[in-house]
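Some structures are shown below for you to check.
Here come two complexes built around chain A, the first alongside chain B, the second alongside chain C.
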Partner chain A sequence: MTALTTDTPSTTTHSPAELREKKDRRRAIALLSPGLLWMTLFMVLPMAMVIYVSFWTQTTFSVNSTLTTASWERFLSSATYLGAIWTTLRIWLIVLIATIVVGYPVALFIGLFVRNKTLQTALLVACVIPFWTSFLIRVIAWRPMLGTEGAINMILMKLGIISEPLTFLLFSEFSVLVGMTQIYCVFMVGPITFMLGRIDISVIEAARDLGASFGTIFRRIILPLSLPGVMVGSIFVSVMVLGEFATAASLSGRKTNLLGNIIVSQVGSLKWAFAAVAGVVLTIIITAVIALALRLVDLRKEM
Partner chain B sequence: MLTLNQVSRRYGGATALDGVDFVVPENTYMALLGASGAGKTTLLRLIAGFEEPDQGTISLHGERIDGQPSHLRDIGFVFQNFALFPHLTVAENVAFGLRHRAHAPLTNETEIKDRTEAALELVGLTGFGHRGVSAISGGQRQRVALARTLVCEPRIVLLDEPLGALDANLRSRMCDELKAIRERLGVSFLHVTGSETEALTMGDQVAVLANGRIMQSDAPDMLFSHPGNAEAARHLNAWNIFDASLCNHDLGQGPIAVRFDQIDVSDPGAAPTERPALHATYLTGEFNGPTALSFFRAADGTLLQVVDHLSQPRLPDLVEGQGYDLHFAADALRQFHGAA
Partner chain C sequence: MESRILRPTLALYTVLFLLFLYGPMIVLTILSFQSADGGPQFPIREWSVYWYEHLLGFAETSRVSQLPVGDSLLRSIVLAFMTTVVSTVLGVMSAEAFRTRFKGSGPAFYLIILGMMVPGVLVGLGMALLSNTLGIARAWWGTSFVLHVVYTYPFAFLVMLAIFNRFDRTVEEASLSLGVSPAQTFRRVTFPIIFPGVLSAMLFSFTLSYDEFARTLFTAGRDLTLPLAIYGTFSVEIYPNIFAFGVLTTLFSFTLLVIYGLLMKRFTSKASRYSGQEDA
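Up next, the complex of A and B:
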């Protein structure tokens, strides 16, 4: 192409198709460049830096750039840190399932049974209302709810269902799970509602007309058609839960250590190399989870 | 035999159906003609059970079906937009009813496959089974929707403007095929349409739905030549309906109807005296190929149309804005009593 233009200089006039193509290409580059620049500066470069730092030499109060695998060896041989990976994965999986179990019926109601678009939007907005307060308040609000002298224990005692307060409710893995499910549920409801809302109601009526009961219609039509929404919601929830540290820090009573909590505490004690190792491990886990999710449902086909 | 008895359906203050009495006999192609918004789709939805009537009863073969859950009614419904299952292949779409119906589902895969293939063959889609429903044309989707319904051998098939989404060529071909398929199966079809040509072509019987009621249900030629009331005549798009007092002869009171092709045009005063005539102003003409349509405005503002067949032209040269006498044979007019 370039050779051709140099061989026949200036006198050649480009065909309109060529000009259009050139213009389109210029526009594409113009649209892409801010994003690409941002990603390079604030994601690719820092990521490379984190990987680089994870091989630095860590002494008690400082790091230097002598390359070593010491931090990796320590991380991978420590039961505490491997345990943190396991805890992170376990909590992620339970929260993911909980958000689906709680979120899907809500989405089913809003997306399929409410056919009025205005009401649909109003209900979705209602789901987001908790986000009008800050993250911290939402998390800490669980304390007076779940504590030994909290609302739930008080009610259960008043009703005579229990004689002494349940202690597992707060400052336990349970409270972390409850807190996370509450916070992230809406990210599951949104995408599923969107997919369900796109199902043509006459498709469901057709299935009914062909003799299928509601259970069968749900299993054969509604569920498969909403799966991409579940998958997008799962990706949202996964990315946020896997990187979580604040909920665990404020509701677990330091009993639950996620990879995120380890990064926070290592950075707090200036162990940069070690924090970098945990960061790289976390990134690998998140990448693997997203890759798996995208494998399960071909989003390009479904959207 | 499908029987509707005094069926009414209201949406808030609006009445969609107002005491419909309607019978679809056995082994009949019944066309239901109505303007958009006349309640045609509502009628079908009540029969299929997607909605329930506010009043009245619906029965099939003498057994009352209103109040029954729609998936147990054993009635086929072909949707205007086809409503195919987008995530399933053509064959899976067709097999859906056989495999997943609550009542007597088939479990034998060979039988399912055989019946699916037979249904696809019936609608001329042999070999399309493995395709995705988004990878076939509109006409083919229409056939899949039909095959999907017919494979379950429903007691009656309801078609909601089944040709509406197809282009004109395809429409006339599907018309013939629908008729042929129905005759082969011997099951009744209730085909809803807004097009009078479609209704007259397809139906062994044609019913006109207007103002929430069945205005007339008759054989197509009978309906066309002898509409029983002004509403029925209006839907056929072939009748001028005007007030009898416009004519010079004493034709009584109320609306009368004369077919577009049975009106002749003369210069003022030149109409034969034995024929009833009325004065009207020529507005404009419309050339449609084999026919030409001329529009006139009568003294009270009624719009009148006259069809002229080019092979046998009978109209004089018309000048826009000029008055003419429109006259017709006394026995060509239909007189309605009491109807709107």
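Up next, the complex of A and C:
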């Protein structure tokens, strides 16, 4: 009953449409504000704090709020820290390319060549299942695989391909790259498969009927239509790889130091200001990468 | 025709890819059945379930200290549950808000999405600095919890947004114009339509939070969650008890996935029965 009585218009100065629009807007803001408040308090504010603290004064075991650029100067003049920036960028680029190269053919097969919906879903689920194992367990699982007494060395020796175990497999940059590629590949396969699955098969058939080779069809139809998927996948992979530290900590034997590892070790020794500087540098890099990617693809449209 | 060569090649490649994905887990599972005197590598000296007993605290005193599984597991589950409830509620509310066009919806969208983009180690550091400055004690149920929601809420939001995009608004309006109260309309009309989405949002939130580690590392304080307990073993020598733990925790996740599948199936079959009645 109440619903009926409240709907009666009480003012005549505004049109019902205007009133309704105003009411809708007020409702939207009311519904949205708890979430936005949460994000502001617990994401924006901590990030602002990182920037602020990067200008604090670092003493041996604590920081105080006297503003200085000393931490920045030390960071930017240290070969170790600059090396970490370079390592982070290098590993990010290699892993990004590796996930595209490894993942694209798989997405091509699942998204375009498998036309049976059940099989398609089954294959996608098979790709996602490892995601259900704890991230840290998936990282550590590479140790018995790549170690000098690990599975790969054992198999290669049994087959007589090598006589001595390969030592570069584990506790090297190689193991970090392999581990990251395996862990993040799924985030590339998913979006590309999604975009390929949306291609109207009759377009490809038409091109084939008109005499186009598979190379031409791939170059002119499949690749352009799948590019948004590659971009979305690249954003996922980039964001995750750039903020990584656990894989490097577990598989590189402390030889590979990413910016994330610098932050963790600095916090461990209570050098909050240095950790904050590394954090700001990482933020700048990630912002640049995302900004570049968003320039190439409209995320809101693709979702 | 090239596809006659291409299709088998790609199929073979996909099989190899799956082997690459599953290989480490298979090796880990095999090695979790190592005997008590064996190390975390081949060969298997003798098949045994010793490390499972060790993990669960049934083994006699050994040279390897037990993983602190019990308490940390409980903490992780409680934390994931809290995160699931809050982020799903926030996600549904925000997605509902986005059904009407309003000024500033673009920036609001990106502010929410940013939560899943920002690396955990960064917000974790920021939160630790903030709580240090404000003198708030760091705890898994406080500082870690709010960061977990920052991470999972965008996922819940996106899932709900996808559901609402496909949701015909006139159904709701019909109910309202027939004099059903808004609360009743939500319960009887809106909720049944969005329920599969809510379930998916909850599943996302729970698993992401349960496994979350970078955001917890600096903010959990003294009491460890499960991923932190595992991370603690990274710096020391590893033993097959970690492998046994990996197998068990994977089984736990699958149980969760099966429950989700059953709920979803039960619900969708019910929904299709209703629509069948309409057709008749």
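FYI, the second predicted complex is superposed on the first by the 282 of 303 C-alpha atoms of A that agree within 3 Å, B and C clash if a C-alpha of one lies under 4 Å from a C-alpha of the other, contacts with A are read in each partner's own complex, and residues count from 1 in each chain.
Just so we're on the same page, contacts are C-beta pairs under 8 Å (C-beta built on N, C-alpha and C of every residue); 3 or more make two chains touch, one makes a residue touch a chain.
What you see is a predicted model; the values in this text were computed from it and never measured.
Which holds for A:L170: it touches chain B only (first), chain C only (second), both, or neither?
In the superposed model, A:L170 contacts neither chain B nor chain C.
Between chain B and chain C, which one contacts more residues of chain A in the superposed model?
C
Applying the touch criterion given at the start, work out whether A:V289 contacts chain B, chain C, both or neither, answering first, second, both or neither.
Touch partners of A:V289: none, neither chain B nor chain C.
After lining up the shared chain so the two structures overlap, which partner does A:I221 touch, if you call chain B first and chain C second: first, second, both or neither?
first
Does the superposition put A:L124 against chain B (first), chain C (second), both, or neither?
So A:L124 meets neither chain B nor chain C here.
Once the structures are superposed on A, label A:V102 by its partner contacts, choosing first (chain B), second (chain C), both or neither.
second
For A:E205, using the defined touch cut-off, is the partner it touches chain B, chain C, both, or neither? Pick first, second, both or neither.
A:E205 contacts chain B only, not chain C.
Just checking: does A:S213 make contact with chain B only, chain C only, both, or neither of them? Give me first, second, both or neither.
A:S213 contacts both chain B and chain C.
Looking at the overlay, what does A:D24 touch: chain B (first), chain C (second), both, or neither?
second
For chain A, give the residues common to its interface with chain B and its interface with chain C.
Looking at chain A, the two contact sets intersect at 213.
Would you mind writing out the residues of chain A in touch with chain C in their complex?
Per the stated touch rule, the residues are 1-4, 24-25, 27-32, 34-36, 38-50, 53, 102, 105-106, 108-110, 113, 123, 126-127, 130, 132-138, 140-145, 147, 149-151, 154, 182, 185-186, 213-214, 235, 239-240, 242-243, 245-246, 249-250, 260, 263-264, 267, 272, 275-276, 279, 282-283, 286, 290, 299-300, 303.
List the residues on chain B that touch chain A in their complex, please.
Counting only chain B, the residues touching chain A are 48, 50, 70-72, 74-77, 79, 81, 83-87, 96-97, 100-103, 105, 148-149, 152.
Taking the touch rule as given, give the residues of chain C at its contact with chain A in the complex, in rising order.
Going through chain C, the ones touching chain A are 2-3, 6-7, 10-11, 13-14, 17-18, 20-25, 27-28, 31, 40-42, 90-91, 93-94, 96-98, 100, 102-103, 106, 108-109, 111-115, 117-123, 125-130, 132-133, 146-147, 149-150, 153, 157-158, 161-162, 176, 179-182, 207, 211, 213-214, 217-218, 226-227, 230-231, 234, 238, 242-243, 245-246, 249-250, 253-254, 257.
In the complex of these two chains, what residues of chain A are touching chain B?
Chain A reaches chain B through residues 200, 202-203, 205-213, 216, 220-221, 224-225.
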